[in-house]
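For reference, chains read A, B, C, D, E and F in written order, and residue numbers begin at 1 within each chain.
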Amino acid sequence: MEEVVLNYGSTAWMLVSASLVLLMTPGLALFYGGMSRGKSILNMMMMSFGALAVVGVIYVLWGWSMSYGESIGGIVGNPFDQFGLSGTIYDEAGEFALDSFGVPMIVGVGFQATFAIITVALISGAIADRVKFSTWLVFAGIWATLCYFPMAHMVWAFPAGLLSADGPLATALGTNPIDFAGGTVVHINAGMAGLVLALIVGKRKGFGKEPMKPNSLPLVMLGAALLWFGWFGFNGGSAFEANGLAGLAWVNTTVATCAAVLGWLLAEKIRNGKATSLGAASGVVAGLVAVTPAAGALTPVTSIILGAIAGAACALAVGLKYKLGFDDSLDVVGVHLVAGLIGTVAIGFLATDTGLFFGGGAGQLVVQIIIALVAVVFTGVVTTVIALALKATMGWRIPEEDEVTGIDQTVHAERAYEGITS
Amino acid sequence: MEEVVLNYGSTAWMLVSASLVLLMTPGLALFYGGMSRGKSILNMMMMSFGALAVVGVIYVLWGWSMSYGESIGGIVGNPFDQFGLSGTIYDEAGEFALDSFGVPMIVGVGFQATFAIITVALISGAIADRVKFSTWLVFAGIWATLCYFPMAHMVWAFPAGLLSADGPLATALGTNPIDFAGGTVVHINAGMAGLVLALIVGKRKGFGKEPMKPNSLPLVMLGAALLWFGWFGFNGGSAFEANGLAGLAWVNTTVATCAAVLGWLLAEKIRNGKATSLGAASGVVAGLVAVTPAAGALTPVTSIILGAIAGAACALAVGLKYKLGFDDSLDVVGVHLVAGLIGTVAIGFLATDTGLFFGGGAGQLVVQIIIALVAVVFTGVVTTVIALALKATMGWRIPEEDEVTGIDQTVHAERAYEGITS
Amino acid sequence: MEEVVLNYGSTAWMLVSASLVLLMTPGLALFYGGMSRGKSILNMMMMSFGALAVVGVIYVLWGWSMSYGESIGGIVGNPFDQFGLSGTIYDEAGEFALDSFGVPMIVGVGFQATFAIITVALISGAIADRVKFSTWLVFAGIWATLCYFPMAHMVWAFPAGLLSADGPLATALGTNPIDFAGGTVVHINAGMAGLVLALIVGKRKGFGKEPMKPNSLPLVMLGAALLWFGWFGFNGGSAFEANGLAGLAWVNTTVATCAAVLGWLLAEKIRNGKATSLGAASGVVAGLVAVTPAAGALTPVTSIILGAIAGAACALAVGLKYKLGFDDSLDVVGVHLVAGLIGTVAIGFLATDTGLFFGGGAGQLVVQIIIALVAVVFTGVVTTVIALALKATMGWRIPEEDEVTGIDQTVHAERAYEGITS
Amino acid sequence: MKLITAVIQPHKLDEVKAALEAAGVRGLTVSEASGYGRQKGHTEVYRGAEYTVDLVPKVRVEVLIEDEDATTLTGVVVNAAQTGKIGDGKVWVTAVEQVIRVRTGASGPDAL
Amino acid sequence: MKLITAVIQPHKLDEVKAALEAAGVRGLTVSEASGYGRQKGHTEVYRGAEYTVDLVPKVRVEVLIEDEDATTLTGVVVNAAQTGKIGDGKVWVTAVEQVIRVRTGASGPDAL
Amino acid sequence: MKLITAVIQPHKLDEVKAALEAAGVRGLTVSEASGYGRQKGHTEVYRGAEYTVDLVPKVRVEVLIEDEDATTLTGVVVNAAQTGKIGDGKVWVTAVEQVIRVRTGASGPDAL
């Protein structure tokens, strides 16, 4: 076997990718902060920053080990196997251990940590303006541990993970599931958790009656821009090398997102007569989410198709919460769950070699539907248990009076902007 | 001939550069959004996001092929040659095709797409606050197709392109024109198009009478910062390798920009008594624009000289629109056209080996003036035709009442910030 | 001796790192701008942009040469040795000269320039809202020349520099001091200079009586996010290669920062009952500062410990200015000096091989304390001399009436935001 | 005609609006304000320093009404805005000599 | 003296200002407000949901004038602010007992 | 009771507040405004163009007081707000028919 040597170029790319994905979480803080009402901007941003702080710390303690450590039944890694990254960083010679691409393992740890962080932060949009900050921080730690790390293990710890390439499911069905950069682990996972929390935490006072418009659309667009920028690390970095595949993922990510913006704006224009900037920003995210699992498996042209569909579909989906009556405040379900499902399943049709439309038969489609369903069910159940346990113990909601006055003032003793009274 | 192998390091750098340049367009959205009036921030930002969406999609469909496909008379590439990137991504062996630097072609596609996008977006500043969003989107697609792709082909498709290195003009004159990263293709092109549109679209109600001050200077400065950051990919990436030339371009870009800020502030201080933050932000852009064609051809010291001149010159140039009476709302002409011309022509004097001041004779100067003029004339003519055609068909202006009320509300049904009424 | 060849991958990483660190200064402008009062946002941002412009230009003129040129007694480099980068960029063969890692020297120049810039900009937070812009610009140039370049030389020009690895001090004590990315040169240096200036410039009108709350906490958090993102270049780039050490620095930087956020929020929660977003943003910076000198010398687990301590300690330290009565307006002392000292000294306890807690004896601790003290004394003395000289000549303060009306209006003829009167 | 001006807690705006509407008022004008009064005694700790909070955010509501509704409607406003805590605000009534509806130019009680 | 208060559409501010200036008024004070009235019936669809829009942005203009100018100047304001659409706003007049110019301390009509 | 309304320079707010407090006033309401008057003549150059500055930022202070304090307190406000430069602002006094403290429902001078 050829010895792996340090690949400086791929290492550079993975260092950059990790940095880009880390930036996504503050980007999300801005995106969500801008979408929330003026009296809860800071709390919204703090939910992202809080998730970042909590998950960042636990990832190096037990998160990596639960994701990639010795497998327990293909479901989760042993948290004690590489607790605190013991045995992860250095090889037996005391040199930095390398992965099969010649990239130091410690770089991979950083890269993977950023995925766990953003996934948890994404959920917060479903429960804006109304939850105790302490409950949120505890939820972040528990949910990452019981829901994210197992999902990451199942999909990415190959070949041990249940849903991984060459894993048990793939072997049984004879087809590898495709989830290039985390459609199941990140978006279906976060979107489904958001749905569960929205239902269990309950609605904001005034939901469905007051408009609750974004307090700052420039902040929303800035957030969307930083998310897009960071997503190049997310999808491009998921090639694990600085190579043509990374380039393909980069281009597919860009064009799918462009098409999704056009799709969303067109749907809005047709339905309401006006194309909004909130629509453009949301279209950005919808496109990015949809292309996440597919970025390495499509061509630029099929990526455009996927993006356009996802953009238009999410534009319609975000209105559902009013009809169905759950307060998914900032559209985590309408964007992440819906586009995550669309992207994951669309691979079954559009994948360049194995998709139904490209002569690959139905095998890919079936396996894609299965992994999507497993993710929905697994997350649904685990999140329900965690959320109900927290409801019974710490409680989720701040007092209604504090919610009306504004969570920024009542929970964080601050207001986002100071005017004349400063 | 030595076989080219994948250069991981340069590929990493080009992936990063593409990401950085993509970020410039949202950066521009913030820069322009902050400079516009409070009632048209979102429309301004949407013009950038809209250009991004439209040009991103068409670039992979026919843009790349028209820029780098089989040349039609040195003027433009054949759109059908590599339509939808067919034949671009993979080589005959089915591997990712590499360019001569060992970087996958698909990475280059991504990098070049971002240049097309930002160029179109730049133009929008000349016609702020007053144009139909649909007309703008259509213009973006047509202008990219008829004006940008041909210019890119002429300058960068070497040696076939008319103005390219070793191309027809260079051969005729015996001197290669120098346009390192796009002084002609991007800045003269966009600046000239802005001038034409400002003239054809006409002035805003109140132009020259009301101050129309920037609604948010922090947003302007943030935008300028993101532009600067992105420009490292723009200029540094134009070395196409992670090498000393990229480093030189990086340093020249930085010091020219620093000097331009000082130049602009000094000019303001002398003329009006105060150095403004809008001046600093504009100085950033002026310096970046001027050094764009020259970043590989100057030393850090000559870059400082170029930057200082460009900064001071643009500080004076932005006042011209009031004297000449065209409403180049956000100074696309005063900054991009002026600094683009200064940078392109200054190379004739300052280029390290071939400049007039460094013993190279007048040859370089002559060729630089010619490419600048060709760009001005070509863009001027093509843009005029497109703009008049759109005026006659879709029309450019929104109703005056909607302009006064604010284009954000009337066209996008939104306001940038929600206050007490949210 | 093996000939060094161009390392594309490390060059890519260093180009990126330089870009990231450059972005930190505008990031700081936002962080400080958001923390300042509404009437002095722009001036605060201009102090960062001004420092960037001035120091950027002088760095290539004499800064590099004074930092890394021929040593004058281990204290400072000869400014004329490589004035204007003469002899720096190319080797004798006219090729781009490479450093020992195979990265072009010119890339290193860019990287190092960004450190000088951010260090000077950091100081401005101590004297917000009240100083003449011209005095600040002059101070920036003089302080970089007389204080920063010598410190950089002493610590980083090895082995000639007094405090450098294998330098005079290290040889005398038999232990190399550890300052991975600039705890002494950047943070103790800037923090101490901030303290001196705050004392010499004096308090703002109303200090200690009016709340002087941040005008925009979203801007503060955005600034903190960009600082964090940029810091990956700062610490990760200080490995000078795209390797495992860079990866370790990356992970340590992230987890220390996460822990510092938790530490700060916990300290606040216990003391005041509420966890604030200003606390989270400040915790980000405190963690980043503390881990800066230590990022290559700790494990992720010891980094968490360091971060948590630094976060909590700075949360308490920022209140001191009210007790001691100096107007360090935006907490440069409380965060950069305090966390810089904590990080530098903590290495003596926590360094993986040489720390007191890990069997290394007291040698490392002693040497760390010495370099911290040298930095404090050197900067303290030099800054005092410069500040007093400027006080006697140009003067520091704007008229009190202008300070009360707002420095943005009176010095820059602008207001950050335009409302109804625009 | 009269003008009722009410300076109230911001989070009470919705209730005051609803109560006035229920009482038959067909229009009003709202603006942001800040105020101090007895509420000011209260101190806050922020970033390690203690401050006396001076001005706290309020909302000002203005309603033009007919003379005979003054007592009823001030009562409606006071009831809806009351929380019983310090800082609830003030309501005051002034005489208005003339009111004109811009759209039609109509004046007097018809313009309300 | 009298005080004219006008709550008008924001985009009409410039015209009202110009008209008053033309009519000899040498000063006025402007502030932001929002209001509802008949205009409120109107609903908006935003992001797939339908809302009754409550408060719409307005501008409040205040002008201190001499008693005898009241009728003329309210007419000037109404004319300049009128678009004929619902939501054009209200203008009202109140009596002022005393006016003082801060700079000089001068009071009465001289202070206007 | 009376209402003193003062439109003053923003940077004078603290002094006016302090002066009123010293004179025994226990509450007031503040809001943002912008105004023009004689100050407007002044022109500004910005980015190479010259403009007549129209509206400059002001602060509006409203204080409800007892009838007999009107003269004293307007004097207090004028003194504290005066810089002697154009643009110092206006102070005016109107009659108030009724004042109610929302918290208690108390009305009349007790509500101040």
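Observations, loosely collected:
Convention: a residue touches a chain if its C-beta (ideal position, glycine included) is under 8 Å from a C-beta of that chain, and two chains touch if they have at least 3 such contacts.
For clarity, every value in this text was computed on a predicted model and none was experimentally measured.
Where touching is counted per the definition, the chains common to chain B and chain D are A, C, E, F. The chains other than chain E, kept where they are, remain one piece by touching.
Interface comparison, C-D versus C-F: the higher number of contacting C-beta pairs is recorded for C-D.
With each centre defined as the average position of its C-alpha atoms, the distance from chain A to chain B rounds to 33 Å. Chain A and chain F have CA centres that are 52 Å apart. Look at where the CA atoms of chain D average out and do the same for chain F: the two points lie 18 Å apart.
Residue positions of chain B touching 2 or more other chains: 7-10, 12-13, 16, 210-211, 213, 216, 222, 242, 272, 276, 278, 413, 419-421. Across the assembly, chain F contributes residues 10, 30-32, 34, 44, 46, 54-55, 94-95 that each touch 2 or more other chains.
In the complex of the two chains, the chain D residues touching chain A come out as 10-11, 14, 32, 34, 44, 46, 54-57. Partner chain B is touched in their complex by these residues of chain F: 44-49, 51, 53. Note for the complex: chain F touches chain E at residues 2, 6-8, 31-38, 54-55, 58, 60, 70, 74, 77-78, 81-95.
If you check the complex, the residues on chain B that touch chain C are 7-10, 12-13, 16, 20, 37-38, 211-218, 221-222, 224-225, 228-229, 232-233, 236, 241-248, 250-251, 254-255, 257-259, 261-262, 265, 272-278, 280-281, 283-284, 299-301, 304. Those residues of chain C that touch chain B in the shared complex are 6-13, 15-16, 18-19, 22-23, 26-27, 29-30, 33, 41-42, 45-46, 49-50, 52-57, 59-61, 84-85, 89, 95-97, 104, 106-107, 109-110, 113, 133, 216, 219, 222, 242, 411-419, 422.
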